[in-house]
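Next come two complexes built around chain A: one with chain B, the other with chain C.
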Partner chain A sequence: MKKSYASWIVAALIVAVDAFLCVKNPQDLDRLLINAILALSAFATLHARLLSLASAGFAAIGAYASAILAIKLGLPIWLSIPAAVLACGIVALIIGLPVLKLNDVYLAICTLGFGEIVRVSIILLPSLTGGSTGANLSTGFAYEAMKQTRTWELALALLALCYLFWATSRSKTGRALRAIRENPDAAATMGINVVVYKNGAFLASALIAGLAGAFYAHSVGSLDAGDFKFSRAVDILSYAVLGGSGAWFGPILGAGLLTALPILLRDGLRFLKDFSQLPNIVNGLALMLAIIFMPGGLAALFARRSSRASEARGEASTPGDGIEDAEEERVSGPMLAVEGLSRSFGGVAALCDVSFAIERGQVIGLIGPNGAGKTTLINTVSGIFPPSSGKIKWEGREIQGRAAHRIASGGIARSYQNIQLFGEMSVLENIVVGHHSRIHTSLAGSWLRLRSEKREERAARAEAMALIERLGLGDLADQEASKLSYGDQRRVEIARALALRPRLLLLDEPAAGMNEIETAALGDFILELKERGYTILVVEHHMDLIMKICDEIVVLNFGSKIAQGAPEEVSRNEAVLEAYLGRE
Partner chain B sequence: MDLSLFANPVFLVQNLVDGLSRGALYGVYAMGFTLIFGVLDILNLAHAATFMWCAFAGYLVMAVGGLPLPAGLAAAMLAGALIALLLELLAFRPLRREGADKLSSMISSIGASLILVSLAEAAFGAQTRRFPNSVLDPKPFYIGGFSGVRISRAQILILAASVVLMVGLGLFIRRTKMGKAIRAVAASQKAARLLGIDVNGVIVVTFLVAGALAGAAGILVALLTNNIVPGMGNQIELRGLAVVILGGMGNIEGAVVGGFVLGLVETFTIAYAPGGSDIKDAIAFLILFIILLVKPNGIMGRGKADRA
Partner chain C sequence: MKRILFATAIAIATVCSIQAAPLPATIKIGSAESLTGDNASYGVSIRKGIELGIEEVNASKLLGSSLLSLAIYDDKADKQEGISVFNKLINDDKVSAIIGPTLSSTGFAAIPVAQKAGVPVIGTSLTAVGITAMGDYVFRDCLPQAVFVPAALAPVKAKFAPKKAAMLFESTNEYSKSEADVFKAALAKAGIELVASESYSKGDSDFRTQLSKLAAKKPDIYVFCSLIGEAIPVLQQAREIGVTQPIVGGNGFNNPNVIKNGKEAAEGLVVGAAWSLASAVPKSKSFVEAFKKKNGSDPDQFAAQGYSAVLIVAQALKDGGSADRAALRDALAKVHNVDTPLGLFSFDANRDPVCPPIALTIKDGRYQLFQ
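Moving on, here comes the complex of A and B:
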């Protein structure tokens, strides 16, 4: 593999240069280790597609909190550092819980403001922090009293963090984060609680930044509000962006390169010797160049980890095709009932007072001209957005307005009209995401590498593999999902929805882009699912398919239901013919 | 707290004057910032650095070049437009071509911002630059005698210039053909392209206008505070974000209203609240956070379709 060959050379070069610099000047090693920890803090958020500029702010809180506790209260650092990290966690929850429910842009804004407020607060509390006068030793931040951490302690902390990141990336949590990174909406409809994971990522980032800050305080021995200004937040971000937010080791390489580069430039080029803005300019350029020319960062140079499809194939010990027979209905009455459902977008009514019910085991067709509100209906039922009014009753319970991930784990799965796969993940991994809520090993369990996790993961992979083979995609299991043909991607979407083991399947134009043979095969497959107890709502424009598979058809036009009945009935309905063909 | 302050009408009017002129500056700054967000859906985090460079451009033209005030204003706005154009060409357009996500554009603008600020530090050092008195007479006018309300020439200039810019931008967006094209691109780049609109051209004009507004804000703030340093963008950046959130992201009228609200709240807090001047930097963040908690679309928030 040529690709991974080059990547190892790059990594080795970075390590060699850093080693050389640290031998020359041992103080640089502490700085390097702290920067690497900070890089992991930025990675934690960026990996979940969150732009947080709070790392410097949290580092400041960690640094000052630990220093104040150690010096003013005389706590030993093994108490002051955890206490400081805890403080960062509390602040992160206060900021994250409200803000991460909103659009991601708001996190960038809020964290930018947060960093500034932390810095201003430090300046405004001189009795505690020494204020803005820099390394104000007179208030008790005495060098000798402060300087307590040893380099090997920093190295140990970094190694421990690396282990945790590695173990997390292989766990259910890591997979959920990758899914959110690729497509948050699709992740939610796979039963992943996106807000919780985003908060978790932000919390982890804050804790790690706080730890790095506390280490910085006890390693450098003096603190200055200027150490944590906005440009520091940008430095930290640039490590993670240059290193790449796809894999945890990338940011560490990024930190190694960007810590060494200014030193090398200054040593190498005489005229840059007194150019104190050099590191900032290098970091700013690194940010821009990396994001424009190398969006995957250094980590992308490394070969992608195999999703171990062949292994999973061998493990498929249980006979079967990966499709579970649908569970028995829990309550009597219709499985799904939509009552007076309306949804408008800024005054335009996309759905208007639509009511119908789906009985268990039925295949219902939902048809109508473009813009009739079919996808809007699926989006409201699957919880992408709430209805403006009306009720959605799922097995007797009202679920309108419930979050998408709860609806998914409640037994309703869907596919998308415009394909929403996790494009950079393999076909196999896409489908294993569907097992999210059935893998019970906790994150702590993954860190301990419990046997139960291995067993659960292996079972999930085997089951997913069987499903892939059943859908005729066996050879493609290791492929990146976005590289597949259109028709194959549609089939992966259906497989992914089935992996949730739903009782109701919502298929939004599953045959779009398929040829006639593929469409016919899809029709047979849907009928087979029906045989096995699945209830299905299918939106389609292929009328042959609809006529062949549906027990009943609901017709929408301009957001309203204009007809409902058996296929032959509907195909003769005056209103339907008019909607499709226009008045003659 | 000194309760007699509340009974003092001169003090009240004085704070109104100060608050309105402060708010006008925030409004002018935030209009450009929110315009780019409204059209492109990205935060241009280099807007504050553009603002700072324009203050220096105006300073160089007037204090070093010896040219009169109108030339300084023009130079600052021109510099702003040029820097914004560079940002569009170097930091934003390459990412639009690649079809990268919004996060990438924000990150790219953060990098650009750091470079701009560092270059200013390298060029001008940390020392504060001030205008000579010949640029703008620092003696204020007094309304109602020496114990009356004080209003400086800079404040008059700010109020006049900001009204011109606010009305001008409003007319430009509402009444001109280019304004209509900008609104079309804001609603949907794809649809605008299908209608034969030169989307990249429209985006360039948007950046030129936003940059010129940053330039105007930069030189006006410099004239008001007479304190020009490379770090001056920091102080307005957070306030600009608070104003934009307050008014609703991408909403230009909202940015104007939000600017005045923040200017007045800050000024009155400093004047009336105990320890007010210590917490003035925190007010913007508090407003920002509270708005995000209770009304994340801003006080005048609207949907994307009819924004900008």
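Moving on, here comes the complex of A and C:
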């Protein structure tokens, strides 16, 4: 409660200071609005875990494209601005596919290069852009023809964008982006197509930056390539970083603060005329301190209001425990067949020619000493990486090398040995992510706030809540997942996997970190799932558990299968005893 | 008769009333300069020139008991900041006139604000084409390159009476290309025939082929338009292939590094300039001395132009007798032969500067007046 109090004071203060400055100097309002739009552009990428510095480059394209269309072709700005935004979108689609394969700092450097290419191209096309002289009166871009936007138009655009970001953040898309931001690998195994969402975020960022750039051109009235240099790219990024990449309104506050602060310092410190660098130093210092003491940015001051467990409970219209009985088998033959599967990392063979099959309704144990290749096998089957050779047949079809999200939506869910929850999301939200591929309302539908979305979301939340209660986590539904105990986090992972309604469940050491009572309860739960028709592959070191629940056990050692059979059979197997106990 | 007397009385009264309203005790002059960032060296120089000018005007009692005061802000070489600062100067500080901004790019964004508000602006470093075309409140005291660069030709013609000229320029740079065009026009005007013209691209390091082609036409003078990066090798290689004829350089050659790195090859080079430490103008000598005393260093062209802008505004305030913005604009448009370091200074009909450019030559490792 205290937290949200402070947050509203900070927000009110920023708004008040900006309002004061803009009343004093109305043209600063244009600047503030344009910076806020640019901040949203940076947010769009940062929120999807993309450290992109391309916003300044796209703003440059938007600005020049709209200026050239308006001046050289005489288009009215209500045509030239959308056309410029469209141009940015096309460029983003072209460069997005190769560039977005890069991560973190590599992406940052690459997008920085993009910005430089745009800037230099502008200088090298003087007949079109005015070259290094700039787009101004001297190169045929008359001020009156250029300066056409009014402040209320910029404000309206920002408001519209705010609405779209707000509606998106409440939709399936928003949830998927939050999941990607927290953990892209886990998001993929929840059926989320990470590549598409990342490209979508990059495209959105480019469109918004292009819009801001076009507004800049028609608000300032002249342009030159220096307006979009490296330091501008860094400014834009710092709005989003200071504001926080967790919630869309954060960067707007960040832009408000970082636009107002230099103006306040300029006017407040003007008596220090021999230290003209001082405002810049104070500004930089403030930014440093803010980032050190508020790593989540301004947005982190606000408690995120996700859908509450109590509401989800109330919404439960369908009775049940959230666990659907597994669907009927579609084809005859084994459900999953692994044939000659090998995977090596560099020269190390982590898996070597492993074959076995899982029949529908079976619980198979996968055991072996540390480093035997158990997790590698699960990663290969769930599509985290492809096998080096061999086949994986899922219900008769080969799926080796398929993307993780396709395997997930095909009916194979998994949990992780090292817990991979979406740590900053609530338990309930974690589970609802599992419903991703079953919520069909499009993003446009979310923007229009269609009834169908409300219905689908409500059903997903109710079902997720039932599942949480079934696993005995009901009281924790509103907690942030990362705040849970280890054993509870394991259970949330299993629940999240079940939310996909899989036909095959891959559990990687589900009992790790659980005490004996919890482990026994887990065993009962797995048997209950089996009764409901689930097929399960479980990796475990708790032999009691394995013996109790498994129909069959596969034993790996140094990447090769050394035994397979019924539990009693395997426990007497010489090779197994040797591998485990090192007998002669 | 009565009527005429009456009218005369009113006229006299009006004139008296104008004279009776003296200049206010403090007249605010605003300035927006790039005091931080990449272009800070220009902005800081201009500020020092402006500050010296204001001190001197106030000390000289040129405006009677009225004093000039300066409100100066950093425009950060940013268009939006420039607009913001101009608004502040006009609305909060209520200045009578604005000197600046430092960069033409900032000027194209910010000056329309002043034009619209009816506040006179004097650019001291805004050499881009189209600056004064923004409106009747926009003035500048900096000669454009198109005027001062070819100014070196006239004295060279007077001294050496050349008939044929040859030219080398960088074709990949807008600035060098336009400079070459300016020289071509100036050569034609001076009646010197351009017998050969060669070009090179940015980053080239060997210019001997082009220089030899030029030399083959046996010109009486050479004209080189290069940026500082290529200026020195061009000069050295020209001497290497045996060029002894006078060389006239573009603005890239008006740079201390040409002397420092070009050494003997630079001797005898002629360049045109808007102002130089070597200027023989009396007001310039006293300015250099006062500037050195106040700041401990030599002024540059930017300081001289900033200083001159203050003298010009002060003269207009005195002539017009009013600190009112519109009256000051009218007075500025009429100033005639103000004594400044740039020489006797006036504005032409387009509010562009009319003052004598100078020709410099490198002699004994120093830029000196070309005589």
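Quick notes on this structure:
The criterion applied here is as follows: the second predicted complex is superposed on the first by the 552 of 584 C-alpha atoms of A that agree within 3 Å, B and C clash if a C-alpha of one lies under 4 Å from a C-alpha of the other, contacts with A are read in each partner's own complex, and residues count from 1 in each chain.
Definition applied: contacts are C-beta pairs under 8 Å (C-beta built on N, C-alpha and C of every residue); 3 or more make two chains touch, one makes a residue touch a chain.
Keep in mind that this is a model prediction, so the values were computed, not measured.
Of the two partner chains placed by the overlay, only chain B lies in contact with A:Met288; chain C stays clear of it. When the two structures are aligned on the shared chain, A:Asp227 is found in touch with chain C, with no touch to chain B.
Applying the stated contact rule after C-alpha superposition, one finds that A:Gln277 touches each of chain B and chain C. Counting the residues of chain A that each partner touches, chain B and chain C differ, and the larger count belongs to B. Of the two partner chains placed by superposition, only chain C is touched by A:Arg266; chain B is not. In the superposed pair of complexes, A:Asp104 makes contact with chain B only, with no contact to chain C.
In the superposed model, A:Asn515 makes contact with neither chain B nor chain C. Overlaid on A, the two complexes show chain B and chain C touching the same residues of chain A, namely 276-277, 280.
Looking at the complex, you find that chain C touches chain A at residues 35-36, 40, 44, 72-74, 77-81, 83-85, 87-88, 91-92, 104-105, 108-109, 112-113, 128-131, 133-134, 174-175. Within the complex formed with chain B, the chain A residues making contact are 49, 51, 53, 95, 98-99, 102, 104-106, 108-110, 112-114, 116-117, 120-121, 124, 229-231, 234, 237-238, 241, 275-277, 280-281, 283-288, 291-292, 295, 346.
Within the complex formed with chain A, the chain B residues making contact are 43, 45, 90-91, 94-95, 98, 100-104, 106-108, 110-115, 117-119, 121-122, 234, 237-238, 241-242, 245, 249, 278-279, 281-282, 284-285, 288-289, 292-293, 296, 303, 305-306. Only residues 24-28, 30-31, 34, 126, 131-134, 136-138, 143, 147, 220-222, 224, 226-227, 262-263, 266-267, 270, 273, 276-277, 279-280 of chain A touch chain C when the two sit together in their complex.
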